[in-house]
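Take a look at the structures listed below.
Each of the next two complexes has subunit A plus one more chain, namely subunit B in the first and subunit C in the second.
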Partner chain A sequence: MNLNIDVKQPEERYSVMTLVGEVDAFTAPKLKEELLPLTQAEEAVVEVDLAAVNYMDSTGLGIFISALKSAKEYGATLKLTHMQERVYRLFKITGLTEIIDIDTSVKEGGS
Partner chain B sequence: MSTLRLDLENYRDLLEEYVRTKDERALYQAEQFSKQSMQQNISPEEIINIHLRSLQEIYPEMPQLILDSFDFLMETMMSYGLAYQEFQSLREKQLELKSEIAVAANMQKTLLSTVKPEMEGLDIGAMSVPSKQMNGDYHHFVMDDEGSLGVAVADVIGKGVPAALCMSMIKYAMDSFPELRMDPKYILGSLNRVVERNVDSNMFITMMYGMYNTEDHTFSYSSAGHEPGFYYSKARDEFEEFSAPGLVLGVSEDSMYEQRQKQVEKGDMIVLLTDGVTECRKGDEFIEQEEILEVIRDNKDLPSQEIVENVYKYFERLQDFQLRDDFTLIVLKRDV
Partner chain C sequence: MSTFDFIEVKVPAKPEYIGVVRLSVSGIASRMGFTYEDIEDLKVAVSEAITNGVEHAYSGEENGELTIGCGVYEDRLEIMVADHGGSFNLERVKEEIGPYHQEDSVEDLREGGFGLFLIDALMDKVEIKSEHGVIVLMTKYLHENEVGRDGDQVSTSQ
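Let's turn to the complex of A and B:
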């Protein structure tokens, strides 16, 4: 399965990344390449929309941890939005829901 | 086709036969010819050359124009010939790498080996199967003087060689803890600091650490973001998930771990696993947790080692089964 990555920058220092597909060992490197630079800007806000991500494995999780660490370093903010339940379970088990800003509301207009 | 010879004469005969009869059999022989040519490192240009010479022998009257066109074709095929040579040398290199990784995997196996202890009153089964050559899962048993069993199950995120190397570090950190008898929450706390300081930021480790006390049959455990375990109560003939809150190792320097405890009755089982077990798939479908627990329940009266082996065998028998992640399963059963 593939992962489509779309990045929009409605304002300076504010990016919205929309992911469609699966985040796993095969797609994670591409995600890392795109996501990390976004978090490496002073006080940037990075939102990752996961409404259309139905599967994530632990490698994918690793990318978000790296992104979180790098965001912290630069004083940037990382937010994960519209996370599906199956994926949320993974963040919950690993304790990451305590340290990452996650919103699980279902996206308007269906997933 | 051992009788097939890679020479001009043979090629010519085959070609002639095919052109005359359009017989499938000759085509099949051509395929064999191509396979053998590959094995003997014969380049595409050479085959074209053989083809050309065969044609000349079969049709001595062939117009010069067609003969010339073969020079052109041969030139066009040159790059394929080179690519083929490169492929050959890459294949040799790959074999070399493969054997080096095999050596490393073997070394890792020795480094990380843990002895499954024989204990009075507790029947232990454990199995770990890597999805690739190097195992990113780790399990470890340690017994203290007072007859308590420490058990760790861990999964390094990030796969392959780096993950395996990272695991060796964890093992040595664990071996170096001064006191044998320590609470799971402190063990995880110390390991977290080791990992946080030493490991690359996108690698992290989940671990469940448990301590089984054989005197009062209590099981204390803490979890660092690890897949929940399952507790089987014989009296109720039911499984329940168990876990304790805690962040994965290596993310935050000052993580604290909560410790919980269970009273284990005779016939009860503690099932510890990694997500390679719960994320098994058949084809594109996930195997449901209930299905795994059902297999354990069906085998519950067998010795623990047979239980874990039967679960793996059950998976293996499923159609389209593929191990996507390393698979580790441990069963502790109180038997007196």
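Let's turn to the complex of A and C:
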């Protein structure tokens, strides 16, 4: 019921955040605190790897909406990758697949 | 009146207990024979309702406790989440509660974003009541073939 957050910066202005665990109202504040600053750099590219996120609810969706808004403001790019089928479904139901860049070519199948 | 098992859990209205209730409900649903997909839907819906309750508790008064009630029926699971902390009578609350309309209490429950929308999308039936605190009552039905599989659980008649 926790969330581990790992951030690597292979290049300047290119961050890869890897999440492991669950995103809910308990873990979301930490995620927001770590993710938003990454998007607040001109033309930064931020990739969030969700392969190991096995649970997410609307709190998580809200964080990614905030991050997307922040990225747009700074001309940065936010991309979500390796999303599990169940998590993808929530983005689909809420229509967020239309506004957030989700790399479905590397989507992980549900367990 | 149909017979059912009732499970009630009270937790402090704090984010750290959302996952605890989520796992409890997951266990109950799993025991009832819900599919993996349905259990995942239930986990999200319950968490959304509790997250709403936690936000309510943070925004003000009351004693900061949430009551979660699970009615386990042969063909369905009914989950109630109340943010006033007091015990509730399942039958009475069901009589008082009205159907959820798109235009109801949106200000209250939508503040978490997509919370209520997801509950509505993931559960078969959702009702809310928001006069004294907020009560969310949501139902998910077992699919017919699964009920058939549990056909040996015949309710006892006197």
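Rule of thumb we're sticking to: the second predicted complex is superposed on the first by the 103 of 111 C-alpha atoms of A that agree within 3 Å, B and C clash if a C-alpha of one lies under 4 Å from a C-alpha of the other, contacts with A are read in each partner's own complex, and residues count from 1 in each chain.
Here is the rule we go by: contacts are C-beta pairs under 8 Å (C-beta built on N, C-alpha and C of every residue); 3 or more make two chains touch, one makes a residue touch a chain.
It should be emphasised that the depicted structure is a prediction, and the values quoted were computed from it without experimental measurement.
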item: Overlay on subunit A: subunit C relative to subunit B, clash or fit; value: clash
item: Touching partner for A:98 - first (subunit B), second (subunit C), both, neither; value: first
item: Partner chain(s) touched by A:32 [first = subunit B, second = subunit C, both, neither]; value: first
item: Subunit B versus subunit C as contact partner of A:8, first or second or both or neither; value: neither
item: Partner chain(s) touched by A:65 [first = subunit B, second = subunit C, both, neither]; value: both
item: Contacts of A:22 with subunit B and subunit C, given as first, second, both or neither; value: second
item: Overlapping segment of subunit B (options 130-138, 238-246 or 256-264) - the one that collides with subunit C in the superposed model; value: 130-138
item: Intersection of the subunit A residues that touch subunit B with those that touch subunit C; value: 25, 57-59, 61-62, 65, 93-94
item: Subunit A residues touching subunit B - in the complex, by the definition given at the top; value: 25, 32, 57-59, 61-63, 65-66, 68-70, 93-96, 98-99
item: Residue ranges of subunit A touching subunit C (in the complex, touch as defined); value: 1, 22, 24-26, 55, 57-59, 61-62, 65, 86, 90, 93-94, 110
item: Contacting residues of subunit C [partner subunit A, same complex]; value: 15-16, 18-20, 22-23, 36-37, 40, 43-44, 47-48, 51, 54-55, 112-115, 117-118, 121-122
item: Contacting residues of subunit B [partner subunit A, same complex]; value: 155, 157-159, 201-204, 206, 224-228, 243, 245-248, 251-252, 255, 275, 279, 324-325
